[in-house]
Amino acid sequence: MSKIGVFICHCGENISATVDCERVAKSASEMEGVAFATDYKYMCSDPGQSLIKNAIREHHLDGVVVGSCSPRMHEPTFRRACSEAGLNPYLCEIANLREHVSWVHEKGEATTLKAIDIVKGVVEKVRRNKPLNAIEVPITKKALVIGGGIAGIQASLDIANCGQKVILIEKGPSIGGHMSQLSETFPTLDCSQCILTPRMVEVAQHPNITLYTYAELDKLDGFIGNFKATIRLKAKSVDYNKCTGCGLCTTKCPQKKIPSEFNEGLGLRTAIFTPFPQAVPNKPAIDKEHCNYYQKGKCKVCQKFCPTGAIEYDKPDEFITEDIGAVIVTTGFNVLKTDFFPEYGYGKYKDVITGLQFERLASASGPTLGEIRRPSDGQIPKKIVFISCCGSRDPAKGIPYCSKICCMYTAKHAMLYQHKVHDGESTIFYMDVRAGGKNYEEFVRRAVEEDHVNYVRGRVARVYEKNGKLIVKGVDTLLSAKPVEIEADMVVLATAGVANKGAEELAQKMHISYDPYHFFAEAHPKLKPVETNTAGIFLAGACQSPKDIPETVASASGAAVKAVSLLSQPTLVREPIIAVVNRCAPPMFSTCVGCFMCETICPYNAIEHEEIKDRRTGKVIKTVAKINPGLCQGCGTCVSFCRSKSIDIQGYTNEEMFAEVTALLNK
Amino acid sequence: MSKLSKDTAALLSEGTVKMIIGYEQGTERPRPAFCHTPEDCERLIFNDQCSNNLAVYLTKKEIIGEDKVGVVGNYYVVKTVIQLNLENQINLQNLVLMTVDGDDIITFGSIDEMQQYVDTHEPVPNEKVLAAIEKIDKMSRSERWEYWKSELSKCVRCYACRAACPLCYCNRCVTEVNCPQWIEPWASPLSNMEWQINRIMHMSGRCVGCGECAAACPLELPIGILTKKMGMDIKNTFGGWKDGSVLSTYNVNDKENFIK
Amino acid sequence: MKLGFYPGCSLNGTAREYNESVKALAPVFGIELVEIDDWNCCGASAAHAVNRDLSLALPARTLALAEKQGFDEIVVPCAACFNRLAVAQYELNKDELLKKSVEKSIDMTFNNDIKILNVVQFIDKYIKDKIIEKISHKFEHQVACYYGCLLVRPHKIIGFDRVEDPTSLDELMQLIGATTIDWGFKTECCGASLSIARTDLVAKLSCNIVKDAADRGAEAIIVACPMCHSNLDMRRPQIDEYVGKKISTPVIYITQAIGLAVGITPEKLGLQRHFVKVNTL
Amino acid sequence: MEEKNDNIFEPRIIAFVCNWCTYAGADLTGTSRIKYSTNVEIVRFPCTGRIDFMLLLKAFAGGADGIIISGCHPNDCHYTSGNFHARRRWMVFRDMLDFMGIDIERIRWSWVSAAEGAKWADVVNDTVSKIREMGPYTEYKKAAKFLEEEKIIHE
């Protein structure tokens, strides 16, 4: 015979105005299994809570029902109160008398009766509630950061500085990402490399950070606090323990005509190369696709010249597995390239380039040492046209979203151009100028007012070549509202920011969700911006959507804090609202027959196979389902699917729900 | 001695299998036969009358034990074996599945072969059942209700339908769950109906349509219609589903017209 | 091989030669084009601006007829007609109710699943692969392929070729031996819908097109639309006036070009009907 | 609910809702003080995927005249796919109930998000008035009653 205590809250007048609380309490006291019932003006107040605590002690209550506001409001409050009084918190439940009764109904008999019904239902449920204990899961105190751009660098440093171990993997030969390619950064126009490289070095030297370049995630198993990551270390063909980074090999390599990725194809590199002078690690690797030895089987020049004998050709890729507590994905983005814009002649005309290529031209470390010279003939363009929204906000091209960063960097490009080519003339075709952000609008105004960049509001229909000039054919939709044609020496396309190649594949490896454009999806667009739907995996930077540097860094730090707050806990404590497969005495062991059709039901791959073995012979008697408490999130879909009712979910058990439903109806 | 008997007898005498489950002539119609010796196999027959779904024994350890057995079954047995395998209920290593097609005896080497056979040998649907379904579909809702209520109130809850069904292999049936008591254990129109609804829901997407449930019913209740109808509905809504796990999978584009 | 054929009004009037050339080309590749019986105006260039229902009902009737006459594919050489038919089909498939009301007004029901081919799609599907073996006179000239505004639009409906920078005509011309120039006016407007009201504007717009093509040394402009053709060809005097010099670059239909390549006589292809003489070829 | 007044019938309706969308949505109805009729009582589940079809039958057996089932819109499920599984289950279940002559018009399925407080009120009022027209689900209740008599005999 259970001893339930029922506590009806007036919530000031919020409930009592339409519900007769005394009467509810009174009829509650007559319900089966109720040992004590009362009402009070503010149940959530201190006196209210101590009223509950005292009642628990005095009447030895083994269950509590609070008739008050929505459980989303004060369930934690009242459960805490209960546990303070020595009652298992999960034996306390809320009857929602405010949001679901008093606030939505007029005063009257029916309203009060409904309140009574609801209390009755919850009482019946609580009578069957079982004491539950929060689940504790161990945590591996190490974070994995995937992608060595500014986001990955920031996140790794933040975590490392909190005293936690970090593994940073970068698929390229050096960390730095897109930011290391940039010339100067808006809105301050400070040199990107100057602010980035110190951090890159810090990463390389930090005792808590293990850096793997030329490395990719191969597999991710396990669950929050207990991931197992398999990492592929691609063969660099250079032994970094021996290599001193003298760079002699790179000067001797006969393959000198390879378009440099770092310079977006505007510069050249050798087959054994360090992508750029400030690369971290500043040691070369061999690009097998272009290396004479790997392609034709002979050469070995680099090996001949290497003073430390660090070159090791025939070394295969390595695989290492690491135990990981939390993962931060910072794989960044890319910009649209190739023949996505036939009408703009990209790829057809040398002097039509992307914004990223312009960054390289404008960068002091770039192929032109910072002089704006056009690719075709190295001339300094006197007339330059920038086209924003190339692909972005263009459903016809399949990219309805705004790439966000283009308005700002295009303004910056025009400025840089004006600063470097004083007699130059720059025009920007735009749809809207979106300059939301600290000092952003001011920056754009500066471009217009001080640097006399000519903004034309309108789309460009096509770019074509006529006697050595690029004709930009567009429309000016403002005052004049007529077609315009501009003869330009060079055209820069602010191409849309898009998800990195292979993003989809990576997401599937980690079981995180992604949007139709293969950007990774956050758990909640507003309140969980750096979490994913998979507990323990976080996101930062442009792999979520195009982001500028300040935003990227902010989200990186955010993700880092999430990871650290997870890693810094002794163990992982979770609500025990999870499904459980029953166990019973031999010979049955469990009523589960092991059809494992629930496996495909579970969104979290939480259902595992457990072999029940004979103690002596070790022979498998039966294979039954077992739910991994770390993975289960407690949706209960498996519960209602299981034919033999062998799975049940704590906190919403079949018995509890059954009782509540029947109680609501029985009069 | 028929080819069937010869081949099966060989399997036993070679010791490939410990038992052959097939059909033999019963008093009125063929019935299951369990052969332990080559001689037993002489009793084996196979014809259109052989309707029992022998796969029902494959989940019963007390009958097949741990040993390798041979089964000479009809179309539905093959179809059932595919489903049982999908549901991890049988060990194909311990099974030699055969069927008779005209004069030759087919021995299935793999699930694919079985699937292929099933896809190509679909038997003609039972006209009687289809007619019955059509008749009921034509009724008004309350007529349907009255029909099923009166039919099912005859049920004595002997669970022969459950016992005859090769896919009702749970160790503990939902009807035996008593906290909560989902279904009253005794016979009464409503609980009988609830039992059938549970049976159908549990069969949905899995039922192979052998009709053994109906055949087994001592009161000859039209419960075969229910499973058949459910199968038809599922085919219509989800198209030709293969893997028999309609309710344990989903498609983002499932089309319904009732969620408003 | 039997296909439905919808000429539309232009192909019986200003664009007879287009009609003739299509009809001449098809049999060479073993295709019989059967005119849809009792076809009606597609409502192009005017209806859709005035009355939506009408602009859908007109093409719908033709589509329904074609269906009744048992065609599952119809060829519509006129780009404007093609556009109207394609749009109507799309709109009606999108909206059950709309389809019902239109069916009511044309007093025919139809599945609306007939495949509509514009001339380039038609060539792509039934002729392209066989051209090589049939070529007798390589078309070795430098040409500018002009697509105009309608041929590949609206892209989301016909989903054929690249909407902003189409290449299908170029590919076909290269196939029969021509060299195609890279120019800026492939898809520029020729002023078709103003060809009656504001001939001055037509002259201006068409002028840009013809001039650029000529300047880049095109020996001919290749088109696949009667509107484009009439503007670039028939309006040539005004164009010349506008440029201030005579441009003699002829404008010929893709079907005529291919026709020549596979050895059909210029007369059969109606080349003599052009205003700008085609003797250069 | 009891008869407020003898000449109009007050149906009793049970609502099975998911915790993350519809329950929160119903909370929003409250916080925005939108009024709806008292005939509906809400039972909270973690997810529509958790709702066992047997509970529906039990609700009818227990005397419910109508049932509301509501959860997150497709693609919004807090558990990513619970509502998709539920949707399938209901598609099959509904067809079969109908075939057996159980009145599926008395079950209202809906998607109500945490932001659709107003929609929740509409769903409720709409269902209540519909069921009110249909009248009490006597035939099912009778069957249930029959069951009670049976019980007595058995005891």
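The first chain written gets the first letter, and so on, giving A, B, C and D; residue counts start at 1 in each chain.
Convention: a contact is a pair of C-beta atoms (placed from the backbone, for glycine too) under 8 Å apart; a residue touches a chain by one contact, two chains touch by 3 or more.
Since the model is a prediction, treat every value here as computed from it, not as a measurement.
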Contact-richer chain pair (by C-beta pairs counted) among B-D and A-B: B-D
Between subunit C and subunit B, distance of the C-alpha-averaged centres to the nearest whole Å: 62
Whole-Å gap between the CA centroids of subunit B and subunit D: 34
Length of the line joining the C-alpha centres of subunit A and subunit B, rounded to whole Å: 48
Residue list for subunit D, restricted to those that touch at least two other chains: 53, 58, 81, 85, 89
For subunit C, residues contacting two or more additional chains: none
Touching two or more other chains - residues of subunit B: 182, 247-249
Chain-chain contacts as defined at top: A-B, A-C, A-D, B-D
Subunit D-facing residues of subunit B, complex: 136-137, 139, 141-149, 182-184, 186, 188-191, 193-194, 196-198, 200-201, 204-205, 226, 229-230, 233-234, 237-238, 246-252, 254, 256, 258-260
Complex contacts: residues of subunit D adjacent to subunit B: 53-54, 57-58, 61, 74-75, 81, 84-85, 87-104, 108-111, 139-140, 143-144, 146-147, 150-151, 154
Footprint of subunit A on subunit C - complex, ascending: 155-156, 162-165, 167, 182-184, 187, 212
List of subunit A residues in touch with subunit C within their complex: 341-343, 348, 396, 461-462, 464-466, 471, 473
Subunit A-touching residues of subunit B, taken from the complex the two chains share: 87-89, 169-174, 177, 179-180, 182, 202, 245, 247-249
